[in-house]
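Below: one structure in structure tokens.
When the chains are written out, they are named A, B, C, D and E in that same order, and each has its own residue count from 1.
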Amino acid sequence: SDEIRVAVASNFSGAMKAIVSEYEETSVHTVVLSFGSTGKHYAQITNGAPFDLFLAADSARPQLLEDQGIAIIGSRTTYARGRLAVWASNPEINNIKDALNNHQNIAHLAIANPKLSPYGIAAKQVLMTLDAWPKIQSKLVRGENIAQTFQFVHSGNADLGFVAYSQVVNPKQPLQGNWWIPPQSLYSPIDQQAVLLNNRQAPKDLLEFMKSPLARQLIQHYGYELP
Amino acid sequence: MSIEVRFGIKRGEFSLTIDTEIPEHGVTAIFGASGSGKTTLLRAIAGLEAPENGFLKVGGVVWQDTNTFLQTHERKIGYVFQEPSLFQHLNVQDNINYGLARSKRDKSERSLDDAISLLGIEHLLKRMPWQLSGGEQQRVAIVRALAADPSMLLLDEPLAALGDEQKAEILPYLESVYQQLDIPVLYVSHSRNEVARLADHLLLLDKGTIKASGKVTDLFTSLDLPLAHQTHAETIIDTTVTSYDAEFGLATLKFSGGQFVVASNPLDSQTTVRLQILARDVSVTLEHQKDTSILNIFPVTIDHLVKESSSQMTLRLLAGKTPILAKVTCRSAQSLGLKIGDTVYAQVKTVALLR
Amino acid sequence: MILSEQDLTALFVTLKLASVSTLVLLVVGTPLAWWLSKSQWRFKYLIEAIIALPLILPPTVLGFYLLVSIGPNGPIGGLVDALGGAPLAFTFTGLVIGSVFYSMPFVVQPLQNAFSSIGERPLEVAATLRASPMDRFFTIAVPMAKPGFITASVLGFAHTLGEFGVVLMIGGNIPGSTQVVSIAIYDHVEALEYGQAHWLAGSLLVLSFLLLIVVYGANRRYTVAKP
Amino acid sequence: MILSEQDLTALFVTLKLASVSTLVLLVVGTPLAWWLSKSQWRFKYLIEAIIALPLILPPTVLGFYLLVSIGPNGPIGGLVDALGGAPLAFTFTGLVIGSVFYSMPFVVQPLQNAFSSIGERPLEVAATLRASPMDRFFTIAVPMAKPGFITASVLGFAHTLGEFGVVLMIGGNIPGSTQVVSIAIYDHVEALEYGQAHWLAGSLLVLSFLLLIVVYGANRRYTVAKP
Amino acid sequence: MSIEVRFGIKRGEFSLTIDTEIPEHGVTAIFGASGSGKTTLLRAIAGLEAPENGFLKVGGVVWQDTNTFLQTHERKIGYVFQEPSLFQHLNVQDNINYGLARSKRDKSERSLDDAISLLGIEHLLKRMPWQLSGGEQQRVAIVRALAADPSMLLLDEPLAALGDEQKAEILPYLESVYQQLDIPVLYVSHSRNEVARLADHLLLLDKGTIKASGKVTDLFTSLDLPLAHQTHAETIIDTTVTSYDAEFGLATLKFSGGQFVVASNPLDSQTTVRLQILARDVSVTLEHQKDTSILNIFPVTIDHLVKESSSQMTLRLLAGKTPILAKVTCRSAQSLGLKIGDTVYAQVKTVALLR
């Protein structure tokens, strides 16, 4: 049996843990998961980190790895598609779309840093489409990643925030407040891609398993869409 | 008025038990063996030790009792510590200024310059403490304590690191300072000489208790105390100048038991002068001798005779009511047939003017 | 110009944060260290242990707890609110509080050691020269503890410069107010903008190095004569 | 049991890392601090400044540069490789090197101050009693610098416990080998598993608190008699 | 053989220039005012200062020259520093053991116990240094230096913090140690008394230069040096015991110029005894007087006459070839008509046995 080392984007950790526990039921292989930001994982992989499989939070970094010949050409697949949610922890904010446009009651709007996170890019796109982007600049607080953005809202320090749908449907966390799911048309898809980093069989096996109906169901359950 | 001191301090096996009065004027010497509690006593008076059931009254003001405890910085003292204790981060001038700045003293006052030049530290003012020798540090500490304009001086062996010559220069200056300021001085010393010279009052410490306390002149000749029995025993007599012979530089000094003729620099009539007579400098004859360079010969009665060893005797002689100690050999005592009550002649070979 | 305007702003905010934090650290830490060095209280060591505790948590986690505490439902946030103060999250003041909290052991410990090593004698001497406790503290203890102050300031300042997790968490990465250099460099690295990261890190290093040289060099001139 | 097996492993790895790092820090830092406290070299302050420099970079960024240097293409990595050594990145040894590098100022500075405050006299006295320089160092300097050693160890140990950025970057968050508690807590927080984060953080705090109490308490017993 | 010392050391404005030889046996006292360079000299000999162009040869071995520099720990010395310098982290016993452990000395040796009990520190062995008084610390430091089994002792005012009585107890012990070990001792002292008592050789320092160097007995009576002109000037004479009268406890001691009869404890014939005669204890008569308690009277010729002040004179008398100082008043000198070359009688009131 083999050990499979997987670098997983933090936002996907809940779903991946569930998938792996299913996978290990039926497989002889064991899986070791390392969570972290995709930027960090990329830097580590280019510097020789011993990962077999990389589940990124975006499509850009896997693409780069493939271009640089570090990842196995042709192994790149979209394993999940993230969805945005705008969450108001403050129950007094009922109409979130309104609030975004005339942000009188909002002290801080949390988004993920568009520079670092595909969720941040998506949030920016939504706000631009709603024509709210320029006006809301002074209220923006940026999380380094989507988890931190969630914490800004969750702790009540930001009234409103663009979080991941996977976070608000997270079965472990009963949440207060209201949320609004912006339609997919407002932002380009948040494709989370995976690449194989070597030709070993076991990781290939795990990647295959992720395309199985059982895994797809779990991915959906955790709030992601399927490609 | 006097300073009332009552302390009970325990430090491990050592305990200091003091209950005494110290005169509010003049110098009180604290004398005692190493480890007898001299430093501890000074520290307690300075407020650096906080004995629980202490009592201290200075100048009519209670500094410490059950309810009161004046902090050290509220006590107007000047303290020279036993170890050199200059501030390492300040140069000599700033060390001195530290006390000066916190006293009410006029900063331009000349007397401080006097102190600086008399203690020979003018050339050191810009130096840092670690650039000074041991004795130099001690001298700076003395000036610093004086600069703080104290109403009581606590001196813990301030001259221990200095040579005889330098002591001889500094002591008269210290005396003049005390007298001018008219403040009480507690002076810890190991040197009998210094005590004899400086002190009016003496506190003898032994293993944390007071063994004797009284006037220096009395205690030095008391046969109950070890002082009179030491090889270097001495008599101290405070006398008054009656005349001065300028040609030979000789002063005539009166005391209750007679008079002394002493070589000295000019002295004004009626001034008080302290004389030191080493017991070894006093010899005893049955007749008044002539044809000798010894100037001071006078009749005395033998008050007491103590055999110190197989060869040495200590005599306590009374000149009038003034006791004078003499050391003689047992052989002389025997050959002269000395006994208590005899009247004999005391020949005093040397009399030193102490102050 | 290789550094963007935003980078320069971040540099400025960072220096301001580090300076203010160091000042606050010294103002708060000095009396604390003094008390610790003098106190005979038998449970003093509990306080010593507590001061060192913030070090033990990863900064981001510490930042997370701080974020929760200063949030509207947190104990500190509630208190501030009750006292009519403005919320602390995502403000410069909040950053200062976080940094101070986190860097406290680096300031208190060297100062405490420096104060202890002075010993009682110089203070006793000063007392006999009529210096009040306050006076003694400022004219004897502080100058004699100079090496301690230098170490405390350097460690406190440098640690605040490099601090990141706490600041990221409670600052919200707002340019001009809470975006500090450490986050900016981090962002560049994460965004694979390595060139910009190098330049910014390089500038920070050079600047800090110059600063350190001034501090240590000045100290050297003072102490070189002493054996 | 509230802590998962993986959490316990992380706790164990952390304690091991902190202990080993502290040991290495003391072994490397003590002679360095001694030299700094004794040397009259005029450019000594440059070294002092350089030692403090790692503090100034955000840990993740520092970790990034370390990663690049010890990576297969980096100068250190290349050297190690040429000498036939195993790669350092993503290994426990790598973590130790990173932690030591980062925590060095916390060890060197308190030690240097402690050594300086001993002064020359005790060493001179020991020399007149026939103690060689080595002997003097171990029998006079080290015991007299005890408060400095305590501070250095506590700061070094605690800082390594809480260290995170560097470790995350060069360690790769591999469970059982380079996943330390700080990262595990961080992962829990990122994955919104707050309950588990609280428990793990709490355990770490309690453990560390006990450790600190032992250290400070033992020190107290030693020094309480001295004025 | 002798210790050759050549040093040139600059410290700010102060510079020490030494070029001398010190005997390899016996005690050499280093005497000089505060700041004259005594401590600096000892430090240089100990290797604690590194003068560039120094030269030092001890026991035939070069410790320092242009190419050689023995480190302090390679020099077999025992050093008692001027300031109390106990290791603060070790208790008294461990302080003493520190030196002991690094010497070749047998640890069970009885002599160390002797040192401990003679210096009165048995009850302090478990104490930490800060629990000791100033004098107690100094005594521990002395024992520690002795425990290191030195082949040369450097003592920087080791007894400064001790009282006369305690000194009187410790000095004979120190003497016996030197003599037993037969090692050279450099002894910095401010006290003329200590020097007279202990030293064979004397090095007079003044502002960093050697003012005189030679045998104590010669230098004390040399009219070229300040010593003889001080109020407490004294003569030191090394004599040999010829007989002892047990009944009266009197010893007869022979020297080149005659003999002394001195009260003392029993002394063996032929042993060497050092006598101290204070100049003030010597009086001059034209005739041999009878009927006096003064035992020692003998004929002398006046070698030199110096007027010290308007009232005081110092006489240098020759008893045979041995010079003896006397202090008389100018009046006596005039009335007796004293002049150089006269033969007169010297009456020595007191002779102290120094050792």
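Structural remarks
Everything that follows uses one rule, which is that a residue touches a chain if its C-beta (ideal position, glycine included) is under 8 Å from a C-beta of that chain, and two chains touch if they have at least 3 such contacts.
Here is each chain with its UniProt name: B, E = Molybdenum ABC transporter ATP-binding protein.
On a predicted model such as this, the values are computed, not experimentally measured, just so you know.
Traced through touching neighbours, the fewest hops from chain C to chain E number 2. Chains making contact with chain A as well as with chain E: D. In this assembly, B is the chain whose CA centroid lies farthest from the centroid of chain D. The distance from the centre of chain A to the centre of chain C, with each centre set as the mean of the Cα atoms, comes to 35 Å.
Between the CA-based centres of chain B and chain D the separation comes to 60 Å, rounded to the whole angstrom.
One simple way to say how far apart two chains are is to compare their mean CA positions; for chain A and chain B this gives 90 Å.
Among all residues of chain E, those that touch two or more other chains are 83.
Those residues of chain A in touch with two or more other chains are numbered 40, 43, 148, 151. The set of chain C residues touching two or more other chains comprises 64, 183, 186, 189, 227. Listed by chain label, the pairs that touch are A-C, A-D, B-C, B-E, C-D, D-E. Those residues of chain D that touch chain C in the complex are listed here as 40, 42, 44-46, 48-50, 52-53, 55-62, 64-65, 105-106, 109-110, 112-114, 116-117, 119-120, 147-148, 151, 154-155, 158-159, 161-165, 182-183, 185-186, 189, 197, 201, 204-205, 208-209, 212-213, 216-217, 219-220, 224, 227. By the touch rule above, chain A contacts chain D in their complex via residues 5, 7, 10, 13-14, 32-36, 40, 43-44, 46-51, 145, 147-148, 150-151, 167, 170, 172-173. Against chain B, in their complex, chain C makes its touches with residues 121-122, 124-133, 135-136, 139-140, 143-144, 146, 225-227. Taken together, the chain C residues at the contact with chain A in this complex read 64, 67-68, 70-74, 77, 87, 89-90, 168-170, 172-174, 183, 186-187, 189-192. Interface residues of chain E facing chain D in the complex, by the touch rule stated above, are 46-48, 71-73, 76-79, 81, 83, 85, 87-89, 98-99, 102-103, 128, 130, 144-145, 148, 154.
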